[in-house]
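Here is the structure we will look at.
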Amino acid sequence: MTSKPIRAIVVGGTGYTGAELVRLVLGHPSTELVSIVGNTTAGQAVADVLPSLRGIVDAVVQPFDPDAVAAQADVAFCALPHAASAEAVSALRQRGQKVFDLSADFRFEDLAVYEAWYGKHPVPERLSEAVYGLVELHREELRTADLIAVPGCYPTASTLALAPLVKNGLIRLDGIVVDAKSGVSGAGRGVSSATHFAETAEGVRAYKAGAHRHGPEIEQELSRLAGEPLKIAFVPHLIPMTRGILATCYAQPADSSLTAAACVEAARTLYAGSPSVHVLDEGEHPDTLWVRGSNRVHLGYAQDRNGQTIIAMSAIDNLVKGASGQAIQCLNVRFGLDEGAGLQAPAQWP
Amino acid sequence: MTSKPIRAIVVGGTGYTGAELVRLVLGHPSTELVSIVGNTTAGQAVADVLPSLRGIVDAVVQPFDPDAVAAQADVAFCALPHAASAEAVSALRQRGQKVFDLSADFRFEDLAVYEAWYGKHPVPERLSEAVYGLVELHREELRTADLIAVPGCYPTASTLALAPLVKNGLIRLDGIVVDAKSGVSGAGRGVSSATHFAETAEGVRAYKAGAHRHGPEIEQELSRLAGEPLKIAFVPHLIPMTRGILATCYAQPADSSLTAAACVEAARTLYAGSPSVHVLDEGEHPDTLWVRGSNRVHLGYAQDRNGQTIIAMSAIDNLVKGASGQAIQCLNVRFGLDEGAGLQAPAQWP
Amino acid sequence: MTSKPIRAIVVGGTGYTGAELVRLVLGHPSTELVSIVGNTTAGQAVADVLPSLRGIVDAVVQPFDPDAVAAQADVAFCALPHAASAEAVSALRQRGQKVFDLSADFRFEDLAVYEAWYGKHPVPERLSEAVYGLVELHREELRTADLIAVPGCYPTASTLALAPLVKNGLIRLDGIVVDAKSGVSGAGRGVSSATHFAETAEGVRAYKAGAHRHGPEIEQELSRLAGEPLKIAFVPHLIPMTRGILATCYAQPADSSLTAAACVEAARTLYAGSPSVHVLDEGEHPDTLWVRGSNRVHLGYAQDRNGQTIIAMSAIDNLVKGASGQAIQCLNVRFGLDEGAGLQAPAQWP
Amino acid sequence: MTSKPIRAIVVGGTGYTGAELVRLVLGHPSTELVSIVGNTTAGQAVADVLPSLRGIVDAVVQPFDPDAVAAQADVAFCALPHAASAEAVSALRQRGQKVFDLSADFRFEDLAVYEAWYGKHPVPERLSEAVYGLVELHREELRTADLIAVPGCYPTASTLALAPLVKNGLIRLDGIVVDAKSGVSGAGRGVSSATHFAETAEGVRAYKAGAHRHGPEIEQELSRLAGEPLKIAFVPHLIPMTRGILATCYAQPADSSLTAAACVEAARTLYAGSPSVHVLDEGEHPDTLWVRGSNRVHLGYAQDRNGQTIIAMSAIDNLVKGASGQAIQCLNVRFGLDEGAGLQAPAQWP
């Protein structure tokens, strides 16, 4: 541990990803939690807003003041809603703060794509400054980035599963399907009948089938790897569980001799130096329970018995590797720490 | 109601589909429950084996005796494991009994396909006698059938979603993907770590990806509709809920002008006289909770924003429309009753 | 079945108890559903508000008009919030309508108790007109009642478990504890963080411990049976499931020779003519899953190994026997029908 | 951190408490995991038995060999079934090993009580050697203990809630009721219909009401605090969640002037130096979700509105504070480490 820990502030710290950021910063050997900022909860005790911190954090939620944040902290994690985040991030960047942004605001290279899905961007001039924080694929750029766009939960799971296949030309670039299943915490802390226990338990359903805004984010990353634009069909589903994403991806092999074993091998090669990724043996299936609460990614590959379709599966915890843990992983890389620092705990199973 | 009700026996009545058969036979206006037969539980009180029948059914589970069954009942529902079922069915058919078999033993026209997936068939000579009990697609043949092979749960959901598209040539026959999500009751009443609450809640995982034996059953029915052999990729998933199947099916349009609205229209036309099927409006997503406990099928159609992929979704209760309710629906058709008799109750929501 | 069915309207039909009322009225052999009335959803399609009715009910939610209700229907079921219900009920009673009210507004004999827990009563003059609709204990009065106050969910479960003990003087009247566990649907359809899936799954907690307004309702009924006022300690808990109440009641035996077997016997005697109640054998434990979706009550009795404490347990479905099914049961009694008409289906298990 | 970590072996490491022990030992700053011992899984890869350790632990489950354990490790955690544990513990103690035993075998001072509930004790002569590992109440004795009997999950939750009241004479010693609710992981990893997802979800039920063997364990500890023998009524319930115990305890005040606020105060005084315990404010209710995955105990106190009954509530994670975390807490005390070492992480919420 360094003698001077990295001082961190969590802006928007009172939702689910904020709670996870606080937990991870508290448990990290090289970071210090300076304060928790929240718009609607400012002035309340942190422990009243985040009940898991009762008896642990004795502080009050602070209103957002970019000068104060810049003065007190070395880094800011922003877990604000889209657009609101861009404003806050911009204010912090003006003050020279390193920012890890969990919103979508800085994930897209192409402003037009962003605006087609999220509306007008408040500070488009900063897009070029950002690096996409999928560590396994952008590790080198992240070492010097000061504005890091932490990926979405679905794009993290989906891209990591497909990257070895796309990058190595193992699959055809047309006809890729991503069928993703998410726990309810992915919908955030806001209340609605879509998250009401009674209307969610014992139900599984797709939502925004073919029209979810994580689709273009996945396409951006896969196109980058492919070296040419590609399109996917992306359908997310809501599952009666709190945490976890399983992405089941379907693609046609580029060559009829492709085997699942070759996919496993390609993934193991690509992720050889990636402490968060574990590639299962051929024939094994990832399970979100096996990674719950951890920053780990479990990948699995299978082939349909007809030999036509490759099935790539990926399990993550949407709040950890799909959000807050990945933000910490980015910090580790940016500050030259061990990539797994503070993230090595196995899942709490069961 | 006829003055003489149809006397029914449930063979293998002490698992989950058996329990549902008993519930449905008891609530049916034209059937009478004669007895419940179970191999391993013979001699126990029915109410000890099926606790929902406490205070309702005052009987003892009977051992299987084909002569007694044939003497006492007009019809037998068989809810036995594969292969064991074929033996029992054959014994009952020899005695002239009408049989509704919930196993896979008589679902396949092609013995080779059956034996590739289930092993040696005890009475292959009876395969030709059976009619596949997917009422919406085989209604006319069922009116005179005496051996009815009630479809599997995944094939019911998947085939009904895809049938309007395949039958009308709206989609290409190659590259069809079925990503299915099932509640845990689909694994049956047997205990294993795969059904242990602690290892199932908060977890979602695929199993037998690309290699589940319901794949060829779906292919048989879709090939029949297509008029030519087709292959699909089929991946089932286990979901932390008790009941329900959601099948999300992906296919490429045969013609680039195909719209989701046209798919909705095709489905509404095909299922116009089918009381169990409801086709949602374009843009709506079926939810297993909306059909839980009922014999209903909710279908929905969407198109990926890139215009490449058609998404067909189907929600059923795996124990009702996916098993026992469908068996009753077959009985209704076979005996000239209203197709929805005893099956009209809406889902218990929430 | 009578040639002229009883015409029923459900006022406040778009919450969970309303949905169950609609389901039960539709499935009842002697009732006809005339319309569904809802304040905030008037003008919307019923099937949009209650998705389980897609393809089944083709009607629009009606605004509340007491003249229209009185003209069209023989009976009204009111499933409105407290106080709003009293107003609606009064308007209907003025027009001579028979009303089954699921709110608390007419459950209390003592106005002061009502107002201490619910606030000012809009029409206190009507309290004396009402009969408490716990059929097993008020069957005779209900045969002629025109304003029926359907009991709360917790009071139904708790009172039925304790009634045989209190009525027969088997237990001491001081020191009774009711520890009740409810599924989340008991909190209604309104959204809040208390019903958010992510904050409810994997959590169990008491709420309003010792201060819930169902406490005095239980006390009213038990005091009536005891012939003297008694007080209980009542603590409800929220459980991560959708439906069901388990009430575990603790009391000290009046006489040290009391056995659990004697409690079972007392319950079987008291409920001998009650088709909804099933008393388990000594040593068996009721389970909410065993009654889910049904109007049944399972009661069980045990004694602590130290011989000091009697444990009375009761399982119901909070939306059926704890609300809508009980309302139908009241209607059956009021109209001289079989008490179990439309309510005989066993639970959907599992 | 010391330069020489404490070398630990987990005997019986392949069930749920074993998995948690491994996770906690791996994350502890002063311990080193030497090996994992398992009877039935010896020879298998640890990562195949405990899937959360895929990619983390590259070792094989070892057969139990007391000489090897004593040679390789400074301490052994035993997570074996009752009776089997006593044999293993005795073998290890003979070799001078410090042992933290998670079974019931050494929890009882009175051999007769043990044998009444668990059967014949294999090594009764060692009972006197053991210290009961409820750190908050036995801290001083634990500093020198070499055989530590880690308490049961229910006794941990129940005793901590009631201890401040009993120790300070605030409540009457007769008539105490403990109504406890446990997640399904408390039943262990063994499969049975009682843990089958489909028969557990949507169900809540008591089991062994008044006759569970954790009752006498609670009585032992409370009697010790009271200075005289007392008896309680103890009823455990199974709840459809994986982790967590909520104990709701009911007692009569010794003096009618007792308030919930005084109970809160007594608890805060007793647990002033206990880093794992947090006492909520009067009127707040503990929630198992708020402590899930952590070693924390949340206590809350309320009083029934009638002023008769004190309600003491306690929430823990049954696998952490109720088992493996508590074992680590004992180790910390035994080795003079910070009591919270390796246990300070807040719950993973939600």
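Annotations
When the chains are written out, they are named A, B, C and D in that same order, and each has its own residue count from 1.
Here, contacts are C-beta pairs under 8 Å (C-beta built on N, C-alpha and C of every residue); 3 or more make two chains touch, one makes a residue touch a chain.
Bear in mind the structure is a predicted one, so any value in this text is a computation, not a measurement.
Shared contacts of chain C and chain D, meaning chains that touch the two of them, come down to A, B. Same-residue interface: chain B and chain C share over half of the residue numbers found at their contact.
Counting C-beta pairs in contact across A-D and across A-B shows that the higher total falls to A-B.
Between the CA-based centres of chain B and chain D the separation comes to 46 Å, rounded to the whole angstrom.
Centroid to centroid, with C-alpha atoms defining each point, chain A and chain D lie 35 Å apart. Averaged C-alpha coordinates put the centre of chain A at 39 Å from the centre of chain B. Counting only residues that touch two or more partner chains, chain D has 16, 183, 185, 198, 200-202, 240-243, 287, 290, 350. Chain D meets chain C in the complex at residues 174-175, 177, 179, 181, 183, 198-207, 209-211, 215, 231-235, 237, 239-244, 246, 248, 250, 252, 285-290, 292, 300, 302-306, 308-309, 311, 313, 315, 350.
Those residues of chain C that touch chain B in the complex are listed here as 16, 19-20, 22-23, 26-27, 50-56, 185, 201-202, 242-243, 277-278, 280, 287, 290-291, 293-294, 296, 298, 344-350.
By the touch criterion stated above, chain D contacts chain B in their complex at residues 16, 183-185, 189, 191-193, 195-198, 200-202, 240-242.
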